[in-house]
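The following pair of complexes shares a single chain, chain A, combined with chain B in the former and chain C in the latter.
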Partner chain A sequence: MSSATPDGIALRPRRQINFQALGIYIAAIVLFIVLGLLNPNFLTAGNLRDVAVSASVNAIIGIGLTFVIITGGIDLSVGAIASFVGIVSATLMVNGGIPPAMGLIAGIILGIVCGAVNGLLITKLRLPPFIATLGTMSVFQGCAYVATNGKPVYDVPKEFVLLLNSYVVGIPVVVIVVAVVAVGAGLLLRKTVFGQNVIAVGGSEETAWLSGVRVHRVKIAVYCLAGGLSALGGLVIVARINAAQPDAGSPYQLTAIAAAVIGGANLMGGEGRIAGTLVGAVILGALTNGLVLLNVPSFYEQIVTGLVVLIAVSLDQGSKGWPMLKRSNKKDLTAAPPTASTSAVRS
Partner chain B sequence: MAEHLLVVRDIAKSFPGVRALDGVSFTLERGEIRTLAGENGAGKSTLLGILGGALRPDRGSITIDGVRRMEYTSRRALAEGVRIAQQEPAIVPQLSVEQNLLLGLTRQQRKASADDIDRALKDVAQMGFPMDARTPVSRLSPAQRHALTIARAFAFGAKIVALDEPTTSMLEHNVAEVLSRVREIAHGRGVGVIYVSHKMPEVMSVSDTVVVLRDGKPAFDRPITETSSDDIVRRMVGRELLSFERQHPVDPAAPVHFEASGVSHATSSAPLSISVRKGEVVGIAGLVGSGRTEFLRSIIRADEGSRSSVSIAGKPVKIRSPRDSRTAGIAFIPEDRKAQGLVLQTPAYANVALTADGQLNGFGPFISKKKQIAMAEAMGKRMSLRPANVSLNARQFSGGNQQKLVIAKWIWLGATVYLFDEPTKGVDVGGKVEIYELIDQLASEGNAVIVVSSDLPEIISISDRVLVMRAGEFVSEHTGADINEHSIVANAMGVSSESPQSSQNDAAPAASVPSSDRIDPADTGADAFGAAKGTS
Partner chain C sequence: MKIRTLGVALAGGAALVLLAGCTATPDGDTGSATGSAGSIVSLVDASKTTKVDDVTAELGKPSAPDKAKLCYVTRTLSNEFWGYERDGFEKRAKELGVDFQTFDVTDESSITEQLDKAKSAMNQGCSALLASPISATGLDSVFESALADGIPAIVLNDAKSSVPGVVYVGPDATTIGATAADYIAEKLPDGGKVAMIEGDPGSSNAINRGDGFTKQIATHPNLQIVASQTASWDQTKAQEIATTMLTANPDIKAFYSQNDGMALGVQAAIDAKGLTGKVLLVGTDGIPQAKKQIASGGFTATVSELPTTEGSTGVDVALWLLAGKKVPGWVDVPAFVIDSANVAEYPTGMP
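This part shows the complex of A and B:
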């Protein structure tokens, strides 16, 4: 039949510039320039290194979260996992005497197990991700307190601190770790069947399921990934402050989500970019750092962070939602009766 | 004489890449019922969007009661008494009937609303759906909800009411009552009605005038008495109606390729079985709600609690999930292609590659975008996908071409069993023929095909054999000359010719129905299902 009618001009796929994704980079550059103008110390190499280091924990945890968010889920327990893993690993190394490398690996495994618990609750018990991780957040945080009776663990082995908090040819090790994690995550998301399945599950779970994607497996894997990276983030915190606090991870609970969201991850699922999350984390780090340099009282930092999240998300929504035209256009192009799915988008 | 109630003049509206409306003009008088007819994508929805104030036209004017409206917003439209009753009833199931009627009113308006509520309830009752003001809408049937939506549109000082496919979920004798009530209200209260429907008998019986849109332009504008349904359909399509005949009917000696037995699901009454020969297309007809979709989904074990034992080419295959059925080469093409067939915001090629495991990988565990695109392009070429650019997002394709993408993801994988659920729902006439050709071709290549459809002419023209499902069971099997509308409908409804059902048909709007017209059992919906059970 149709093979006889070649449709002539096969349009070459044109490389499309994603302006939405571009916006976040422009915002970051503008922020750096503005902070640099306000305080000349901001754009010095030493300070930029500090910014990178302070952004690293958010970046690591945020990257894991990006996967979760792309599947349409959320993980509120990342900060608690970071705290729990930090305490357990530090205790193992300080009191159990296990070598630092083993402490690191044990911590990450514990994080993955915590993530697996989340994933199983969400898939097998069908709890909404928000509820499931709200519960486990509390449980993991409680475990962190129980582990040492609420006491911090000091005097972490020097080798462990050096493992994550030293410099290689002037570059902080954590920055290298972030780079490796980001590249790996980018490849995983864009270049593997797993990554395509993650996006498909977030875009339309039913479609993925009916196409033979093992949806549960994908979801569990994604929460394991978030758990493992949260653990890594928690260990970075331990190395940086040279001690494990039972609530060290809690500040990152929401800022990691913020980093992902500023970077364009859509809480409705199906959308999110690793690079975006990285930039989101850098923006948050630069703000914190810049406000300190500008002698702004630290209480204001939270206000600013909150406003940045609100502005970033509303710009993101705006660029999608501007033209209502755009949406009704879709309707007309596809020329199908408005089924529930088309109208459910957002009106 | 007084001004026209509504004058729409030279309205144009473009969306990026599409000219949805181009120079549409018409008038509407008080008490006039004007049908807006046109194929999918002809611009009806856009026009209703503009009338409701949700969309701003690029050009043209809207004049209501002689006043030309410049800043025409949704609020303005409501204030002018323009009401758009959507196809999907826009009501809140958790609220009661009365609360739904009051939705969106200010406190003052609510105080003065008692009479309007009474009248709306009376309207609904006269349409044949008496209901109590305090009943939660969640307890109403789809047909009752539609009736409520219609009544609400006419309440609270409506002057212009647009009804978009208002009868899709109603049984035929209900439709007649609803339509006669709509006429009474329109004529009695001087309300202008814009009526959108695909069902020609309704259009012929309810409207005073008709305007046909084709490709965004008004193609035809007549009083209904000066035209016929054949005429209207011809103007809508602008070409001859589809006629499709299978090029490759099944070889009577072909061996059985696909067999499923013990197919059941959580709510089914009895396990079913089916067998399909190589190259055979088996149509499954029946009312919506008769369990056809559930049957297909149970075969691939898409839902919890479903059972089936399947064998392909004589060998039993173990199927516990859609994953297993994909491995076994069973393709399921779902009815709701936007929500179940495609991931709309991802590129077409990624949708087609969704069934891939490692087949399209390049280096190591990494997928090769190049291979995915090449494969999708090859599929697109075979199916004359338009546009041919597979890097466009799935959302950007029309219904028919989206359907090709859904089918493509199974063809490249080499599936040999194809389960179609309403394959041409929301696909325009040209696209339908292409899908039929594709199904015919799949069969001619020795695959086994099952097609569930509510479109009778479709079932009749593409099937080698038709099974009719009623209340979760196969009630009849038709081959050869027995594949005809009358015998299929009679079995689907569970009526023989002497039953009371036929008198209901007599009560339906009488008009010359062209044979090509859809007699769509789906349109009778859940109510019809209930009624059919009652009479059987």
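This part shows the complex of A and C:
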């Protein structure tokens, strides 16, 4: 089996500036300017730093999800994995006495194992990703409660908190972690055979398989990646709140998906950008922070966040729908046969 | 392409401007930090616990300093309990003519969201920070930096903070559970089987109420806890669990529910089994619906807290501290039992 990228799949349009991607950056910049105009406290260095920190967990988990979404899958269990890992790592450190660095590593390994479970269910048992991870979401969340009989773990070692929740020359460590993860993920997706295979699987599983891509392996790997990064996100949460709560990760299972989707990840597969997901997470963080500064009650905040997701996705769809609409109109007029390759070629 | 880009930008911007426009609020001056670092901490006597009435009698009605703004970071307002806590806070602040702002979060698992909002609030400027943390240690970092800047930090209800200098205004959750146990013991002199419906397993209220109840029941040898399950503060779940418990143990004599919402579910289960009035039902919180049930003979009792009092006391404590007065580390707002004997005294809202 050759692992080379099959040339039958054109992965990206050649040297074409992706205006859709630009749109999200411009939207983010406008959002920052508007929030800054409405409340001068928004654009202060301290506040922007807080926005970055609050976006970090969504960014970390969202990046893992981006890989999953590119393969055409979804992982609903990311928040539960974050909760589960947080509580297990904290218990190991507080009651097991293992050093913080080991706690971190053990947590990430556990996250990868959880991801592997998802991947195996999806590939070997052929469960649809939505169903498989809906089930494991409940299982992992239950495990998080069982681990400590539902009790939070307090008195997390100071060193662990410093590891993920301190500042290096004024820059929060989590922001550095996010940057490292994002650069690594970007290189993995765009510069490696694995990344090409991920995109190929999302473009058309069948074509990828026919071209020699080991589809199952690729899929299991992306769920492991998502699990590992969810674990990292869960550990950041522990460091931020000085405690492990058995349900602290659950708000992130949907917001991380939202971050990826705002950033242009296509739930139909084949498409997604690491930088886009980062911007998506920052937009969500800025909205939470900015709407607080503007004194918007949280119920409205949910409405705004939902609208932002809808606007982002409809733009995403719109950008594809328009040319397709034209094509289908033409098709109706000329009765041209549908081109089978279209869906596989688009990325 | 350009048009679309512009569209995103405009739509986003317009939505925000609209939102900002339609939420006119008491937006005031940013807080003025009175006092220097550490001075607030020295005003708080951490070892001292005083009943709220005694503190108020001693320190009197506070006066509002110029240009002060009080910030209250609450929990989800979809739980009416926090709504009453907020009402007490806002009403007292208005009464004393001091600027205020309330911040709330999505739901009971929004722990990091609450942390982010507390930080945003502080960035915006607060002269005092009041909060009801979801996780006992979740807001510690914000409290520490507030106190370091000479800004009073006050916890309203539920989770006492371990940060020195933070004032706690609220009841002892363990006592609430114990009060319920003693009440059941008093009403069941012949003893019998007892069941408990627990709240969300991770929440400190559930843990402390449960501990208090279990330990106090153990002091009454003729009472046995035969079943104890979590319904995660959910009424429907509580109904299902209580039904199952009654099927398994038809001779259960009393239920203790860790909040009133779940107790309403237990009530439905008891009614469905035709046991209305034959099984004791003690809830917690004292929400209006629970009091209606008590008046109509459904619930036996509820261990009521005083969220409105806590909210308004929080304002007083903040202003006392800003005025340089010494306050106890724990302003005790004890919970009390409401049953058919005194339910008429509390017709609306929560005390």
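The definition used in the following text is that the second predicted complex is superposed on the first by the 309 of 347 C-alpha atoms of A that agree within 3 Å, B and C clash if a C-alpha of one lies under 4 Å from a C-alpha of the other, contacts with A are read in each partner's own complex, and residues count from 1 in each chain.
One rule holds in what follows: a contact is a pair of C-beta atoms (placed from the backbone, for glycine too) under 8 Å apart; a residue touches a chain by one contact, two chains touch by 3 or more.
Keep in mind the model is a prediction, meaning the values are calculated, not measured.
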Chain B versus chain C as contact partner of A:T192, first or second or both or neither: first
Partner chain(s) touched by A:G150 [first = chain B, second = chain C, both, neither]: second
First, second, both or neither for A:A256, with chain B first and chain C second: neither
Partner chain in contact with A:A200 - chain B first, chain C second, else both or neither: first
Partner chain(s) touched by A:N295 [first = chain B, second = chain C, both, neither]: second
Which superposed partner A:A182 touches (first chain B, second chain C, both, neither): neither
Which superposed partner A:A231 touches (first chain B, second chain C, both, neither): neither
Residues of chain A contacting chain B in one complex and chain C in the other: none
Contact footprint of chain C on chain A as seen in their complex: 19-20, 22-24, 26-27, 29-31, 34-35, 38-39, 41, 44, 46-47, 50, 53-54, 57, 145, 149-152, 154, 165, 237, 240-243, 245-248, 250-251, 285, 288-302, 304, 307-308, 311-312, 315, 318-319
Complex contact set, residues of chain C against chain A: 1-2, 4-5, 7-13, 15-17, 19-20, 23, 25, 27, 30, 76-77, 101, 103-107, 109-113, 115-117, 119-121, 123-125, 135-138, 140-141, 200-202, 204, 207, 230
Of chain B, residues touching chain A in the complex: 15-18, 20, 40-41, 43, 45-46, 49, 54-55, 86-88, 165, 300, 302, 321-323, 325-327, 332, 334, 336, 338-346, 350, 353-358, 361, 365-367, 373, 377, 381-391, 395-399, 402, 409, 425-428, 434, 437-438, 441
Complex contact set, residues of chain A against chain B: 1-3, 5-7, 9-14, 187, 191-193, 196-197, 199-200, 203-204, 206-214, 270-271, 324-326, 328-343
